[in-house]
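Some structures to go through are shown next.
In the two assemblies presented below, chain A is common to both, partnered first by chain B and then by chain C.
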Partner chain A sequence: MKPYLALFRARCRVLLQYRAAAVAGFGTQLLFGLVKMMVLEAFYTHARVEAPLTLAQAISYTWLAQAFFHLLPFSANPDPEVRDMIRTGHVAYEMTRPIDLHGLWWMRALASRTAPTLMRAVPMFLVAVPFLGLQAPASLPSALAFTVTILAAALLTSAFTTIITATLMWTVSGDGIARIMPSLVSVGAGLVVPLPLFPAWAQPILSALPFRGMADEPFRLYLGDLPPSAALPVLAKQLVWTAILVLIGRAIVASGRRRLVVQGG
Partner chain B sequence: MPAIVVEDLRKAYRIAVRHKGAFAGLRSFLRPRWRTVDALAGVSFTLERGELVGYIGPNGAGKSTTVKLLSGILVPDGGRCEVLGHVPWKERVAYVRRIGVVFGQRTQLWWDLPARDSFDLLRDIYRVPPADYRRALDELVTTLDLAPLLDVPVRQLSLGQRMRCDLAAALVHAPDILFLDEPTIGLDAVSKLAVRRFIRRVNQERGLTVILTTHDMDDIESLCSRVLVLANGRLLSDGPLEALRAKVTHERWLIVDLADSAAELADPAAEVIRREGDRVTLRFDPAAVSTAELVGRVSARYPVRDLYVQNPPIEEIIARIYGDRGDEAGP
Partner chain C sequence: MNGLRLYFRFAALSLRAQAQYRVSFALWSVAQFIGVGVEFLAVWVLLDRFGAIRGWNLPELSILFAIVNIAFAVAESFGRGFDMFPGVVKNGDFDRLLLRPRSTAFQVSCREFQFLRVGRLLLGVVLFAWGAAHSSVAFGAAKLALLAGAVAGGACVFYGLFILQATMSFWTIESLEIINALTYGGTETAQYPLSFYRPWFRRFFTFVVPLAFVSYIPAGVLLGRDTTPALPEAARWCSPLVGVVFLAITLLIWRFGERRYVSTGS
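This part shows the complex of A and B:
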């Protein structure tokens, strides 16, 4: 584990240097959060049926989504550095290391998801809890359930983005898949509209996909919409999906390696 | 047991070919056509432990491909290859622990972090015991004079400084073989000398086996006892530098500095190949005219200030080998 931990730490150290990006990201998330909050309020004012979440919960859900926005690959490319490495052939060095290539990229992805999220989520909580209607966790067990499952969500999300990264071994520019997937993921995870507000027929589909565990379920554990006792099944589902995505990613990397061409001599 | 055994190694690349004529772009998009290029068309050689071998050839000859196959990055299309008893691309993780690689055109250091952090990271990646690591790093810092560079972010280092750090990074885990792919590319004269001195030192003192690809013939001349010449994916020559010289040409050059710049110089047994001010370069075949005889004749007939005999520079020899094969890099 030591090499992977060291990689994770080093990568976080690099990412924590990008403070300006964090400030800009925080500002954007704040703005979009305000817009979403107003939209929700308008919907709730005119809703004729009982919504599955109260307005206060929906608003809290929205701020959580804004705080953890960077946990999901929303940008055009989950790890532009790996793309550049593959484009320019720097990936050659990665392959001369005595570590597993998929493991290496997974750790990079994990760092890329967690370090910037930390820099954005902490200020978001500091602003949104006192001023913008983000509730405190429903209870201490809810807070604990949220903490554990959001960490598992980071593992799950990074296992998923590693798959996107691995497809770069086929398409040199790789922006195609990398652009489509994040939009699907953002919707499927609940970052755009809180998943409980989707119609009933959509719920089984959303539950069958791996994305729900990336944001929606941890958020609802926080809000108490899911009881703390639901934490274990949520966690189990997250870990099973992580395992499946890792296996797929490993298979892609293994077959990509056979056809690898190092660009640029 | 030899350090490296390569037998009939082959690797081909597929290159997209554009259609010609009407709607070429559209047709290329709908039905891409491919052409196969043999980067390596059957290369064989054996290296003993502790050898320092130069691997040269024109651009596109397959040098880097060979290094990438030997370092486990690429998977070949055919042939056999065993390095330190491993098949590089099959047992990659176990194998790469024992090799160090430097690609001169890229860096293995983390761009935004000081070199020291990259070294620490490599220590963890290679699981080097702390005591060994400290000893290795101390030695590298001394021999490569890295002390002032360690805490500067790598992006702020000059190319020469970065290359010294890159060399150190390739050696912190004490590998048995070092692959150097154009380590002196783009460096100034002083940095080149430092890099060469270091390569010679690790080869002689640690018995490190080194494969060095380069376009800089001074690298070869100052470092390598054995040279492999590659062109179009095939080995043209394998042997000591002197044998390579002898194989291509026996000629020597006589360089004469004339006291009178207006004097014309000619000799029936030699050919004037260059004239720069007072300096005249003559080419002759020592089998046809002995060096002593030619030197005697020239200094008797002309106002000579200084003269000396040398072998043709290695560039000329290489250019001639490539040229003989009708290659792109002909003289």
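This part shows the complex of A and C:
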């Protein structure tokens, strides 16, 4: 356990240096959030139908999505350094280390999901809560439920990112997966449209996928749309999915190792 | 060799080179089709939930979505050199462009093209065909001309935004995510009728960055509906003119930025 924690901490320290990138990401998210907010306002103010979320909740959901945008594996290239290592053959060095390759990549992914998110989420809250209609958590238990489940969401998304990273060992087809998955994940997690607004028939499908626990469920616990008592089932689902994704990731890494041929030189 | 011929020479060369990478072409195009398709899914989900908004139904919104994305796809293909420009400043390669007997903007525009990501274009064409078939627009010669003008004007505006992005790197050196906010954020904005937005935001994208003139306003004329802010009828038909003027202004800003250039010296 100890070397993994050390790895995670070291990676976080490196990533926390990229402050300009965080400011830039924050600005981009602010613009996208404004557009989404105004589109929602237009739909809500002219609709005569009851929606599953109130306008205020939908707007808060949108700002949470912008604040935690980086938690999801968005860049087409989940871990550029690992990708280069695989391409150049330096991945062989990684294999000589006395720790497990999947664990190493998972910790790297966890650091690259959490440290940049922290730098973007804090300013987003500072701006969006007073000025842009992001509500405070529904209650203290809601806030607690959100905190616990968003941390579990980080474990879940990084386990998923590690699978994408591992598929890069089959470079060409792996590339395709790495490019296509982010769009699908962003829909399934609720970053494109708040998931409760999807039609009723789509809800069971969305719930059956692992992505809902990456953003939608923590957000709804925050808003009080899910009661704090729902935190335990949500957390259990997140952890089960994390375990499944870790097992899949380990299987992919193991079979990738078997077929890996490192060219000398 | 005159500029235009040289430009198309480079473009043809680039097309031939890129045509060699068939797998990459297919993968990128599929990925882009899905990535942009997800944006349209959002439009569909909201309409399915709330019904037509301010008179815009799904076929009409898909026509608007298509015009914006086709224009952006064209600008993205030809504006690739400007899109990739921050790297040129960062590694000092811009010094070499300054030594050659052509304008720097011309050289940058010829540096790179991106012809093989057809996902966005394809989705735009499909959505346009579907939208046109399911709405009551009669496409006469005038409306086809308007449509062509909107796409051409839109490509010019987006190309201008790529130039502005590139110009910013004379100051920032680094390539920062925020400079994508104008282009990709602009597309996201223009995918919905501008009447959806608050007045200050709408005015910005009408009179400062004239995206409204190449998306919402011509789409409104096409579908025979009023647009806000109310404009004289002639002004609603002038997409290409607005596009060209905006492009010219961004080129002037480029020249201004270029004078600020200090080599990174590597």
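Note that the second predicted complex is superposed on the first by the 259 of 265 C-alpha atoms of A that agree within 3 Å, B and C clash if a C-alpha of one lies under 4 Å from a C-alpha of the other, contacts with A are read in each partner's own complex, and residues count from 1 in each chain.
Criterion: a contact is a pair of C-beta atoms (placed from the backbone, for glycine too) under 8 Å apart; a residue touches a chain by one contact, two chains touch by 3 or more.
Note that this is a predicted model, so its numbers are computed, not measured.
Novice: Can A:Leu209 be said to touch chain B (first), chain C (second), both, or neither?
Specialist: Neither chain B nor chain C is touched by A:Leu209.
Novice: Going by the contact rule set out at the top, does A:Leu118 touch chain B (first), chain C (second), both, or neither?
Specialist: neither
Novice: Could you let me know whether more residues of chain A are touched by chain B or by chain C?
Specialist: It is C that touches the greater number of chain A residues.
Novice: Counting only touches as set out at the top, which of chain B and chain C does A:Thr88 meet: first, second, both, neither?
Specialist: first
Novice: Mind working out whether A:Ile248 is in touch with chain B, chain C, both or neither, as first, second, both or neither?
Specialist: neither
Novice: Considering only the touch criterion stated at the top, classify A:Ala6 as touching first (chain B), second (chain C), both, or neither.
Specialist: After superposition on chain A, A:Ala6 lies in contact with chain B alone.
Novice: Report for A:Thr96: first if it touches chain B alone, second if chain C alone, otherwise both or neither.
Specialist: first
Novice: With touch defined as at the start, can you tell me which chain C residues reach chain A in the complex?
Specialist: It is residues 23, 27-28, 30-31, 34-35, 37-39, 41-42, 45-46, 48-51, 53-54, 174, 176-181, 185, 188-189, 192, 195-198, 201 of chain C that touch chain A.
Novice: Flag every residue of chain B that touches chain A in the complex, lowest number first.
Specialist: 13, 59, 64, 68, 71-75, 92-94, 96-97, 99, 101, 103, 105-106, 108, 110, 112-113, 117, 120-121, 124-127
Novice: Flag every residue of chain A that touches chain C in the complex, lowest number first.
Specialist: Against chain C, chain A makes touches at 20-21, 23-25, 27-28, 31-32, 34-35, 38-44, 46-49, 51, 76, 172, 175-176, 179-180, 182-184, 186-187, 192-193, 197-199.
Novice: Mind listing the chain A positions that touch chain B in their complex?
Specialist: Residues 2-3, 5-7, 10, 13-14, 17, 88-90, 92-93, 95-100, 257-258, 260-262, 264-265 of chain A touch chain B in their complex.
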